[in-house]
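The data blocks that follow each hold one structure.
What follows is a pair of complexes built around chain A, which joins chain B in one and chain C in the other.
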Partner chain A sequence: MSQKNTTPLFFLAPAVILITIFVIYPIIKTLWLSFLSPNGEFVGLHSYFKVLRSKEIINLDRFPYKSPPWGALIHNAMWIAIHLPLTLFLGLFFAIVLKEVRGASIIKSIVFLGMVMPMVIGGLLAEFLFDKDVGIVNVVLRFIGLHPLANISWTYHPETALLATILSGVWMWTGFSMIVYSAALAAIPREYYEAAEIDGATSFRKFIHITLPLLKPATLVVVVMTVLYELKIFDIVYAATGGGPGGASMVLAILMYIKAFVAFNFNEAAVLATLLTLLTLPPAIWIAKTAVGRK
Partner chain B sequence: MKGKVSTVVAHVVALLIGVVWILPVVSIFMVAIRPIREVLHGWWNFKEFHPTLENFVEALNHPTTPLGRGLLNSFIIASLAMITPVFIAALAAYTFARFSFPVKTYLFLTIIIMMAMPQQMVAIPLFRIMINLGLINTYLGLILVHTAWGLPWIILFLRNFFLTLPIEVEEAARVDGASDFQIFLRIVLPMSLPALLSVTALQFTWVWNDFFLALLIIYSPDKLVATQRLVWMKGKYHTPWDALCAGAILVMIVPVIIYAVFQKYYVKGMVGWVIKG
Partner chain C sequence: MESFTPVLEAFTEKTGIEVEYRIYRAEDLATILPAQFESGMAPADVIFMWAWWIANNTDHILDVSDVINPDDFMPGTVDQVTVDGKIYGAPYTGKVKPGFWYRISFFEEHNLEVPTTWAEFETLLETISEIPGIEAPIASGDGVGWPLSDVTEHFILTFGGTELFQGLIDGSVSWTSDEVKAIFRDKLVPLLKAGYFSEPKDWTLILEDWWEGTHALYFMGSWITGMVDNASDLGVFSLPGAEAFVFGPDFMFIPKYTEYPAEAKELVKFLSGAEGQTIQVKQGGHIATNLGVKLDDYPEVDKRVAQLLEGATAVTDLDDTVGGEFQTTFWDQLKYLWVHPDEWEDVLANIEAKAP
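Moving on to the complex of A and B:
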């Protein structure tokens, strides 16, 4: 574009105005709130230390030897520790199995259902599937002989509530990782495998030396998006347990909401929101860089 | 021979995956279509089996949180909150794809980073803004917020799509004296229908599925959206599984239909921008 052009200004204005009012301005305001005391004085990082030291965030008296509550930050870490490897592995496994199967698109659609429906339904499922009377999971557990686990409603007990919500999250999110891996697998040229076969490579060696290395970019995408999902998790837990019982399935996003709109402690809520945002920044920046890098 | 065995195994495993993954939905469905007394000890008991629509009627007319009204509310909000952001984002995305201007890269980066922000980071000030603007507990308020929050990813998706369009057509139109806006409206948008379908289908679904923003902005009982009503329906001490399962089916059926109809566009919209090609 050689001549001076004012078109960009007009075309961008609606989007920039809306994002500024409803996203950027409130973000800055929340950050500012996190440095204030309840009566409006500037106290710097005071509230941060207070929040980080509280047992609601990290409870080292109970973690890891006693049952939850372990604190919201540790619970989010548990989400990442359990949910991330499970969805990664299952998504890759499903994608590989379904690659060579007739009618695979129907099964892919089924696995993808969890991505389509509201996440609050995932929360209801966490309660419903692990119920001691009507829960199908507990029937299976009874069948395998795991009676202690089968005879309780998981979301009502501190030992199991967190795990129930995480597993429900696995059911919901595996579709994403499967779809990304399926697309990545489909993009690997058949000639690579044919060449390897001529050299006498086994299926296992082909997988290790061709498939896995070529899946690296897809894996990175899944990891980044999944970690974001796990950090920001709200609906599933809110609908299943509200963070309970006794905080045993509490996560940062819900604790922030409760602090702000139930306890009306806006400053500590702002601190929690800011901490949560700081955690999401590395994946967010990665996404932005990848997006800009693509020409 | 070896190939045949592994194909059979793959089919069996695939079938197992399908069965295990659909089981939660089947569970909900089975409870939804049967009287509660038949499923009190598990929906897998089929000694008595009397399918009925009673639970759906009960959910729709639930005494404290009638879902029928919630579905209508969600539909109104999602319809309006899908059209506005797509148009506004398309304008911005076109600008990012075709024009160069100062701070372009920084502005784009900032917008994209907003895509990943936790909504908790805006909750408190947003609540206050809504009160100050008189938009708290109104559909307009919720629609505006959904529009703003939908913009970043739609801008990213459409910008990437616009970059793949041949620029020659636009240049020819410019030579013929068409203005930038005319080119955008008459040439770029019609060429982008598949991409517009992708973002529209996804944006509708995300607004329909949203819970947090509604929780923040809408609170009077008659205005609650469908997802809120589902959660409220789950009593504090007693969970009415019959009505709740029927309700869950009713709330999920809308996005599931959209997915079934627009599957190709839908999946593209969700993962297209993260995968090359």
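Moving on to the complex of A and C:
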């Protein structure tokens, strides 16, 4: 092999070695562990069936007619169903409303604070935000007359714990979608709006026919990143409720942590890790493909 | 931290060995230590940890049989960290969970009496609930869940006895057995349904509420004496009929990977000895495990707690002894029970699913 051919390999080697040690080996090891029993015997997909049949993952005895716990997988799905649209809508709303406002950067900074703050701190704050005595959420609910909801600490009740963690997540993540949308809005040429105005378009029609279509790439980025965040959500829930009460706000990542570091059942933890990887793989592949496409 | 520093200072003064003290939560250590041990490292030379954890990780722990004599300690204490005849941990001071704490001044102001029967206890709760300003007679502390498990264990011990309690620890008794069900159905759940227990709230915050009079009773361990403004205003009573209490000693161990095994053994010997424990109990809130510590060395309020233990049976904390996934499930399910007492049978079934 000529020196010209080996030079790229020489430069690639450090990255390849590091990726092999810190990414590829742990993935293979985790996958292998998921096929073993706790005493090291090969059991194939047995652990997968066991985990997937567990009420900790999907609890169809309670879902959807009774209050949570519904199982960690359903809770993660609830995160996507509630957190994703709210984050998208609020991010877009703030980006548009604050676009032409004087001093908007201050308000944007306040909204973005949730993103800057460590998620664990956000989780701890969530407990107080929804506290029946001192929680700002309950103060507002009391003010608008929703006393039954305002008179309980949300994180201590199975009916509300999951929602409380999701809404806290919305508060913390909205800054991300707002910033992405703000950047995308700033990139839309002003001429498009001027041309539409000459044609007599209303603000609503300009939004529908110019703004929204041109925000599609930004929306896709926000959707993918937010779905990834929702699937691997851990810190907020762990700090706010620990996944309780009675597993009512449990999510896959916390369950994986409990299996690995509380129960020391590394095999079931590996199963959950593999499932989480499989769930996050499609959006991750999409991001990778998009990045290559742009290049 | 403040109350432990004098003990360490006394050790340094006596031996000339400097000690750096760092605080970690046991839950965090349980996560950190396995990885450190696998790589032949340890974050400290002497580590305080749960007894069950020490007993389950003896491959990485030094045998301290040469510095610990089980006869120097409360009977059965060292057994918790003894595996195959070797002692892998040393008991330090402990905390007893004697019952419901109240402010003497509050009881005097409202002419309340300490109950001596279950009926009197129920009447007391009803009377307290009618006092203006009382949200719920009993404050329910929450952290990761242990304050609720402490009060539940007190009910189990009082109405089920030590044999049932030990059976739940070793797995010979089911959580869904008739005996356990009866305790929940007839004693604990009716009080929850009647609203005598408050909604759970962070245990340090609700301590302030209780002290201010929002609640009249608070089930807590003996460390509460070091957490209030005026410990002499504290009174405590157990559930009528209680003959056994949970006593939770703190345990320490030396990891095999320490660079200073001799010095670490010196420290363990001092801390578990009468000299070190005497300094600790004088700070308040601690009960000695070493039999060499005299009753006169305790502050007055702790002396009353120490006396409670005399003649009674001391047992280990149920969930601390079992540990693992059972412990987190037990805590979490009790949090659920506190707001959904009507689902107590499901709660017991869920606890049983993770029981030994």
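Heads up, the rule we're going with is that the second predicted complex is superposed on the first by the 280 of 295 C-alpha atoms of A that agree within 3 Å, B and C clash if a C-alpha of one lies under 4 Å from a C-alpha of the other, contacts with A are read in each partner's own complex, and residues count from 1 in each chain.
As a working rule, a residue touches a chain if its C-beta (ideal position, glycine included) is under 8 Å from a C-beta of that chain, and two chains touch if they have at least 3 such contacts.
The structure presented is a predicted model; accordingly, all values stated were derived computationally and were not measured.
*Asks:* Record, for the superposition on chain A, whether partners chain B and chain C clash or fit.
*Replies:* They clash.
*Asks:* Looking at the overlay, does A:V51 come into contact with chain B only (first), chain C only (second), both, or neither?
*Replies:* Neither partner.
*Asks:* Quick check for you: in the superposed arrangement, does A:L92 touch first (chain B), second (chain C), both or neither?
*Replies:* neither
*Asks:* Can you tell me whether chain B or chain C touches more residues on chain A?
*Replies:* B
*Asks:* Just checking: does A:A248 make contact with chain B only, chain C only, both, or neither of them? Give me first, second, both or neither.
*Replies:* second
*Asks:* Check the residue A:G123 against both partner chains and state whether it touches chain B (first), chain C (second), both, or neither.
*Replies:* Once the two structures are laid over each other on A, A:G123 reaches chain B alone.
*Asks:* Considering only the touch criterion stated at the top, classify A:A164 as touching first (chain B), second (chain C), both, or neither.
*Replies:* In the superposed model, A:A164 contacts neither chain B nor chain C.
*Asks:* By the touch definition at the top of the document, which applies to A:L149: first (chain B), second (chain C), both, or neither?
*Replies:* neither
*Asks:* Applying the document's definition of touch, where does A:A263 land relative to chain B and chain C: first, second, both, or neither?
*Replies:* A:A263 contacts chain C only, not chain B.
*Asks:* Could you tell me if A:K132 is touching chain B, chain C, both of them or neither one (first, second, both, neither)?
*Replies:* A:K132: touches chain C, not chain B.
*Asks:* Superposing the two structures on chain A, identify the stretch of chain C from 20-28, 128-136, 254-262 or 290-298 that clashes with chain B.
*Replies:* Stretch flagged for C-alpha clashes with chain B: 20-28.
*Asks:* Residues of chain A that sit at the chain B interface in one complex and at the chain C interface in the other, please.
*Replies:* 127, 261
*Asks:* Which stretch or stretches of chain C touch chain A in the complex?
*Replies:* 30-31, 34, 142, 144-145, 199-202, 324-325, 327-328, 331-333, 335-340, 347, 350
*Asks:* Along chain A, where are the residues that touch chain B in the complex?
*Replies:* 1, 5, 7-9, 11-12, 14-16, 18-19, 21-27, 29-30, 33, 94, 97-98, 100-104, 106-107, 109-121, 123-125, 127-129, 133-134, 136, 139, 171, 174, 176, 179-180, 183-184, 187, 217-218, 221, 225, 228, 231-232, 234-235, 238-239, 252-253, 256-257, 260-261, 266, 269-270, 272-274, 276-277, 280-281, 283-285, 287-288, 290-292, 294-295
*Asks:* For chain A, which residues count as touching chain C in their complex?
*Replies:* Residues 127, 131-132, 152-153, 156-158, 242-248, 258-259, 261-265 of chain A touch chain C in their complex.
*Asks:* Inside the complex, what are the residues of chain B that reach chain A?
*Replies:* 7, 10-11, 13-15, 17-18, 21-25, 27-28, 31, 39-44, 88-89, 91-92, 94-95, 99-101, 105, 107-127, 129, 144-145, 147-149, 151-152, 155-156, 160, 163, 180-181, 184, 205, 208-212, 215, 227, 230-231, 234, 239, 241, 244-245, 248, 251-252, 255-256, 258-260, 263, 266-267, 270-271, 273-277
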